[in-house]
Every structure is written in structure tokens, then in C-alpha cells.
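Next up: some structures, all given as C-alpha cells.
Same chain, two partners: chain A is paired with chain B first, then with chain C.
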Partner chain A sequence: MTGPIIDGIIKAFQLLFSLDPEVYSIVLRSLYISGLAVVMATLWSLPIAAILGLKNFRGKRFLRGSFNAFIGFPTVVLGLLLFLLFSRSGPLGSFGLLFTPLMISIGQAILITPILVSFITSAVEAIDLSLRDLARTLGSTEIQASIAILREASGGVILAILAAFNRAFAELGVAMMVGGNIYGRTRLLTTAIALETNRGDIPFSIALGVILLAIVYTLNITINYLRRR
Partner chain B sequence: MKGTITTLLGPSGSGKTTLLRILAGLENPTRGTIFYGNRMITNGERNILRQNATMVFQKSVFFDATVYNNVAYGLKLKEDLSKEEISNKVKEALALVRLEEFEKRRAEKLSGGEQQRVSLARALVLDRQLLLLDEPTVNIDPKNVSIIEETIQRVNRERKTTIVLATHNMFQAEALSQNVALILEGTVKQTGTKQEIFGKSNKYLTSFARLENVFSGVSEISDDYTSIIHVDDKLSIEAAFNSAGEISVHVRPEDILVSTRPLQSSARNVFKGRIIGITDIGPIVRLTVDAGKKFGVQITKKSLNEMSINVGSEVYLTFKASAVNLI
Partner chain C sequence: MRYVFTYITVKCMKKYYGIILIAIIISAVGIAAWALNAPQDKVILTVSTTTSLYETGLLDVLDTKFEECYPNINVTFIPQGTGLAIETAKRGDADMILVHDAVREEAFLAEGYGVNRKIVAYNYFVIVGPEDDPVGIEGLGPVEALLKIKAAGEAGDAVWVSRGDDSGTHAMEKRLWIAGGGDATELRETDWYWERGSGMTATLAMANEKRGYTLCDKGSYLKNFVPGNIDLVVLVETGSIDTLNVYSAIACDPQNPDLSHVKFDEAMKFINFLVSDEIQELLADFGVEEYGLTLFNPAVRVLAESTDSTVAEWIKQTAFMDGTECPTNKRYNAGDLSFLNVEIIPLLKWETSD
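Then we have the complex of A and B:
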């Protein structure tokens, strides 16, 4: 029973250190797609979080609660929803995005928006509000004052971005259902591991698994280090 | 008031900060009207105030940055200034508060007095027409106080900056300002030049010098021709004058007797209360007693020890009707 596992691990490290082109193209593609997802999601999450953290309005608590609740949204359910929306016969099918790298990025961006919004909102709320009055009395417009607060919260913003990237990079459901795991196009670390394991190519799966773990682990160590500071 | 220093003099909680924040365009007044110069400012026009005034808060707050970047913040918002111009102005402002060498230090790591000087420089660098200062020297050491006071006077003299300064310190008001507004419980009780306020009768002086034990209420004349001032449902003070209607009175802290049991005496005012604060100032101890309203009382340390009272102890406050002064 242990034979294939040990064989797999040995072969995995051979693949890793021989800089196997297939392995590394999958790693780079995963980094790129999840990176793009984080950029998109950050662009719309920052203003949402600034408003939630700084303004008072009806329904604010409900909105905050919703974003909090959606942090744990099941990735396959989101994948299914997006698949139905973007499939050829779906309402957004005409965009032709299904089974493209961009589609995976969009899906992951939606998936991580609740993390970004919730974490950044908390970071903004932790900033001394008198700083906003300070910015105002020094000549800031309301938007400039909000930017000043976001800059003060930059530690929390970076933390949120790292956590969001972590979630996007390690998820399987969205990438599988809207990406399609197409060789050389939408095959990512997670989807490749799922596929190769099914096909019986255990060493390849283990090699990819080691890389995925290494990246996620490094990210988490960085997050913990930043959080302590 | 243009080009002068005006102090808002009143105890803490009297509304000085709120008034300054309204003048700074940070808050809308709940009623009343603001005039800037001859111009009436409506609630939608707070920007006019924000463009012409700047405020230094009582508690220094900083952007998580160096002294230089904190002071430069307001200048960087203006698009028409070059890096060099900004740098010159920042250096000039830091020189005014004598912090030339502090550019690269982290602002939040400085002492309280130095922080307040950075806050002042951060406001001065903008060279606004109106400078609003909220208790700029409270809780800082004498050396920093004198630097701040000198800077305030110098800026007023050399740049003709109009300054409104909130303080509870009568001596500071007298030393720095040309005009004084006395504020109590949310209302401006009296305004005038320094001479008008500090020069005469001294009843104002007495009350505002201590800035405690000032009570307002509706007064009625009793059968004995004294005044009974109804401060609230539970607290009425008897005074040896006759004056009816809405009035404010003051009792000097040293005129109040403290005892652990009710005293048999001729004094007309006896209140039961609980000690909520003790401040040691040498041989004298100041007690804050909650007897429905807060009273400030002075006793010697020896009496404090002999009565063996402490925070939380129940005490009786006694004072004569003639110790109650009309403001």
C-alpha cells in the first residue's frame, strides 16, 4: 500500500527539480488567473468596504452580515450558478466566456469579494475616526479623506488581499465548473490534481500537491507574520 | 474679530469643542447661523469654512507617517505646489514650532508636547485665515506650553491670522487673547474684550477661575428673602441674595465643608454625596463629590486622613447661603 505513495513522492520531487515544463506552466497559469481575480475583486471591494466602514445608512448591518456570511460560500455552488449563467443557452451565454481563463478569474473574484469586503471593512473601522476629521480640516474632500483612512488601514488591506488570494488559488469548484480543465488553457493546480489522481498519475498529482501546499503555506506564514505586527 | 485672538473660556463639557468644530465646518449647528466675515454660511456650504479655516484638536492624531509627511499632508492635496515649495513650507512651519530636526521622526513616537507642536505646524503650514485651537496646551509640560503660546502669538502678529482658542484656563485666556467669550453649559454667557471680561466686578472671574461648582437653574425668592435656585429635581441651592428667574451661581471649593455626618450648623445648604475623585495637589487635596451634581471641594490632606475617607465614601457637603455667588 505504501509502495505507490513513496514512489509517487520520489517521482514528484524529480518532476519538481527537473523544472518539468508542464508542471511549471500550470503553476504560472494558476498564479496568473488567481492574481487577476484578486486585482479585479480588490478594485470593487475597496470602495464598498470604505462605504461600509465609514458611512451610516439603513441596511448597513444587513449588508455587512451578508458579506460575512458569504465568506464560506461553497465553491461548487458558485461554480454551478456561473455555469448556468454563462453556458451557451444561459442569460450571459452570448459573452462566450465559459471555459476561458478570464471566466475562472471572474468566478474567483466573485468568490473572494466577501473576504475582501469583510476584512477591509473591519480594518477601516479600527482606524481612529478623528483622522477623518483631521484630513477634512486640512483640506481633504470627502473622497480624499476616505482614501486617507484606507491608507491608514493598509496593513489590514494587505492582509485581506493575501487571504483572498489564498482562497482563490486553493479553490477547486469554480475552476473546474466554469474553467473546464482544458489542457494548456484552463488547467490549474487544483483541477490538474483532481484529474491526474482520477487517471492514476499519482506522482504528477503529488508533485502539484507539494507545490500548492508550499505556496499556500508560505502565504499563510506571511499572513500570520503580518497579523502579529 | 478679524486678525485677533479670541478665547472661548469655559469648563470642560461646556460646548467649546462643539463650537470650534462647527466653525471648522466639521459639523452643522443644530440651530443658529454661522457668519464668516459678512457671509452667512448655510449647512450645505461647510466647504467655505473648511477652505478658510483649519483646526487643531485637543488630542493629537497622526497619520501613520513621519513628522514631515504629516505636516505636508494638507499641502500635497493642493495640485499647484511643486515638491520644493512643499518642502520649504514644511521646513518653515516646523521652524515656527522649533522642531526643525524632527522631520524624519515618526510622529506618534514623540512626547505629548512635541506632538501638539507638530499638530500646530501641520495647521500653520496651510496659512489659513482662521486658525481654531482646541485646548492646545492641556496636559503638556510648561516648556512646551510656552513654545506653543509664543507660536500662537507670533502667527497672529506676523501673519494676521485670526485665531479662536478654546481653553478652560483663565490665565491663558488673559495672557493670549484680545477678546473673550465665556461659555457655560452650551451657551455663550458673555463676550467682550479682555479688559471688559477680566477688569470688572470679578464675579465672573471668581466663577470661571475655578471652573467648577457653577450651577444654573430657575431661582425663586423664598419667604425669608433668600433665593432658592432649582438646579434640578433633586438639587436646590439657597443663596443669600434675591434674584429670580434663570440664573447661574458659583460656590468656591474652599467654602464647602466636608463631613462624614450631617452637621448641626447655621449653614443653609447641606447635601449628601459620594466621593468620585481625589486629586492630590500638595498639602491640599481636591475632592470631586457627586451629590446629584458634581461639586469640587478643597480640604487639607490632614483632614482627609483624619476622616479616613476615600473614593466611594459617603460625605456631607455644607455651605452657607452667603457663600453662593451670583454670576
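Then we have the complex of A and C:
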């Protein structure tokens, strides 16, 4: 029974190299939605991580522990929670966000926040604390000092962002449950693979799978390279 | 002495803690694997079928009944859309199919994958939408309703949610759109036609969220409406040939070299079971208590004895293949199963969608 698999792979590469518009629109949409998610999540994760890494306060250990624990948050549970919140009968239903691309971005942003916070906090903590004191003695404010530290930790920040993008891009649960996998609107690489495999369009699934793998693989190679440096 | 033992035990535990843990894990995995693969004395009959039958809970009832009659057979259902159910059977992953799309059933038989097709039940499709019906399709025929929804959709006033999963319902929907001069591959590029690519319950949920319209079989609609999951209402219900929905059972053809492994005898037992008087009566009663009406009307007596000649005629028009339930060359070791042949004059022939 290897016939269909080989046929599928051949057809998949034909789709890839013929620049099939449906394939590429799905790829671009996935990149755009996950990219937006990373931008949003980075905006709120940087200050959280700076506070966690530089300040001492009650409950800090608990907070850090929580963010660490939520790195493995099941995507389907998050999808379910968001669905209940944003459904028409839910408390946030009036925004009308359910089944929109923005909703997927928000969901993915929440999903990857623990990764960003944990990784960036670790990177910040790894920076020599005397640097902060030095910055402060040179007359800079608390915020300026934090920014200086974050800049110093930029390698770790980039690593965190790549890992977060990776997670958002390859996740299925949130995109399926709050996006709804609507053709031309909220259909992403992962949801399309799930659908087309179910529908029996195996070559299409393989083509999308090859692209998904290629992107994730490249990202991980980059992450490993950065980590070694 | 006791202390010595305790001491030794603790000491050993510490020393071999890792090894003991690994041994426990390995044995747990081993037991689980054995339990999952343990040789069973039951024959597993796999039926790939449609989501509508599954989601209404009918199949669970049939499963229990069938296993009471045949304790050595274990029936498992794979609920999928009709298109996928057929694909699954063609790949050899199912022993029989229980589906509702005569056009693809005919192709399935013609391509040499199935034998002994038997019509089991029928009901009707309805078009559902928001209670205030902004487009105003209530009481129209299905094609007129779709045309009106299309016009409103183009003006930005309506949303149509399509199954988009190659199911029998999706096929019916495409036929209705074609009858109204629309084509699904063009429609899905528009802003108001949303292709969901999912089962009936998920599609209804989306239509409910977005106050959109969709096509649905009556059974799935009631299953979601009665418990209050959706507040969509039925707006178009003709209960006529243009929205007729016919379910058939087909055994996979063991003569096909790719399907020689299928459990044909068990599949035939299940088909005979489905068309038996007892189960046909059970169908008539199924859902009456909970929903106030029959979800799947039994089709066998209607056809054989023409108890309702109008419906019988409709079924013959839409779900027969050249005047028969199952072409003569597609009958194989059917045993007691009889197939209906009639002379029909086509009144209405659906165009094929692809």
C-alpha cells in the first residue's frame, strides 16, 4: 500500500512548485496570523519578564512557576475556554470576534505568552546584576535600566520569540476551535491538513505538511544555532 | 530483626530506585500494550458512516441491539461525511458503509468497491436560519430561498455557512446551488459564503454564532435545537422530493482484490438487521419521545409495499439506479436479502456536481 503515499508525495511537489494559489494563500495567512500573535504577545511579555527578572516581590516565585507550568498548556483547552468566552452567548460575545483571523491571533498570543515570559525572564536573570546597578549609578531611571538589561539579553529574547512563533505556527487546537477553519478566511496550514486528510485529499495534505515541516525545521535549526552561540 | 529488614529494604530501594522505577514503567507500558492488542474472540465490524446518523445517537441504539442479537460481533462506527466514509471504505479501512448520496453510491458500486446496496431510511433536508429571518426566506422553496440568500449575501446582509466537507449534505447543498445557477467553487470565494469543512453540529454552531443560514437534515437540527445548543429555526421545509434525503447501506465487495479482507458475512448480517421489521419499527419510534417526531423514517416497507406511494415514488426517482435499489451485477451472495426493481420514468434527475 505504498502506491498512494508515493503518488501523494509526487502530486504534493507538483502543487508546491506550480505555486498553487490555494496552497500559498494558506501559507501566507498562517504566517500572518502567527506573526501578529507573536507581535502582540511580545508587547505584553517583555514588561512582564523584565519585572519578573529584575524585581523582588511577594508571590514572584509562584508567578514564575505558573508561567513555566503553562508552557505546556493544552491548546484544545485554551481553544475551549476562548470559545466559551467569545461565543455569542459568552461574556465577550459582543465583540463578534469568534471565527475571525484576529481571534486566532489573540488565542495564539495567549498560548505563547508563558513561553515568552519564561524564556525572557531566564535570559534577563542570566545577565550580571551589576550591570543594572552600573546603569543606575550612571543616572538612568528604572525603565531605562530595564531596557538596557533587555538589550543585553537580546539573544535570549530572539530565541524566545522564535520558539514562541514555532509553537503558534504549529498549533492546531486554538485555530480549529476559535477560527473555525473557514475556507479563505481562517483556514491555516494545520487546520487545512486536518481537514484535507479527513476529506481524502492526501496530496494536498502532504504539500501543506511539507511546507509546515520546512518552516518549523528552519526555525528550530535557527533556534539551535542561536542557543549555541 | 524487623529493623534490619526495613533497613535493607530502604537501602536497596535507594540504590535501585531508578531501576525499580524503570521496571515499573516498562511493565505498565507492556501491560497496556498487551491489553490493547489482546486477541479478542469478538469479530470487529467497522462501519464508516455519516455524521448525521452518529450525532443523533441512533447508531448507539443500533449498536446495542445488534450486539444483543450477535454477541460475537463488535460493531464500531467511524462517523465521517459521506465522501470520506466512501474514501475510507475504498482504502479498505471499513467493512461496509451507511451513507446518503445516491450519486456517489452509484460510483462506489460501479468502481467495484461495493455490493448489495439496500435503502434503509429517509428524511428531509431543511434550511435553517436566524429566528427574525432578515432575508425573508420563510416558506419559500429551497432554490428560491438560496437565490434570495445569495442576493442578500452580495449586499452584505446575510451569511451562508456551507458544510464544505464532501458529505452527503454538502452534495445536496451543491446540487441546490447548481439548480439556482451557482457553483460552490465560485461561491466560496465570496465574502458571504463560508465553507466550514466540518460536521453538521459544528456547521450549525457556526451558523448560530454568525446568525447565518445553512442546509441541514431534520434529525441533526432537532438534535441540536431541542437541548438549546442553537436558536436557529427551520425556515424552509418542503418535505418533498426536492429536499429528500435517503440513507443506504452498502457492503464492501470481497471480490475486489484490494478489499478481500473485509468482513463480508458480518456486514451482510448488519444490513439484514437494518432492514428487518424490528429495526425498521425502531427507526419509526426513534426520537419521537424526545423530539416529538421521527428523525429517520423507515424506508423498507414504504418501498416494498408502497405504504406511502408518493414517498416511494420520490425515493425511486432520486435514489434508485436505473430502476433498481442495487444493480443486478452488484448483488453478491445476498442470501435472503431482496432488492427492489421498478420501471421508472424519470421526472427529476439531479445533475451530478462534478
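Methods note: the second predicted complex is superposed on the first by the 229 of 229 C-alpha atoms of A that agree within 3 Å, B and C clash if a C-alpha of one lies under 4 Å from a C-alpha of the other, contacts with A are read in each partner's own complex, and residues count from 1 in each chain.
Here, contacts are C-beta pairs under 8 Å (C-beta built on N, C-alpha and C of every residue); 3 or more make two chains touch, one makes a residue touch a chain.
Source: prediction; values computed, not measured.
Once both complexes are superposed on chain A, the partners chain B and chain C fit side by side without clashing.
By the touch criterion defined above, A:198 reaches chain C but does not reach chain B.
In the superposition on chain A, contact of A:133 is made with chain B only, not with chain C.
In the superposition on chain A, contact is made by A:187 with chain C only, not with chain B. When the two structures are aligned on the shared chain, A:61 is found in touch with neither chain B nor chain C.
The superposition of the two structures on chain A yields an angle of 160 degrees at the Cα centre of chain A, opening toward chain B and chain C, reported in steps of 10. Of the two partner chains placed by superposition, A:228 touches none, neither chain B nor chain C. Between chain B and chain C, the smallest C-alpha to C-alpha distance in the superposed model amounts to 34 Å.
For chain B in complex with chain A, the residues that touch the partner chain are 21, 24-26, 50-51, 53-55, 57, 59, 61, 63-64, 73-74, 77-78, 122-123, 126. Residues 80-81, 83-84, 87, 91, 164-166, 188-189, 194-198, 202, 206, 208-210 of chain C touch chain A in their complex.
For chain A in complex with chain C, the residues that touch the partner chain are 4, 87-88, 98-99, 180-185, 187, 195, 198-200. In the complex of the two chains, the chain A residues touching chain B come out as 128, 130-131, 133-140, 144, 148, 151-152.
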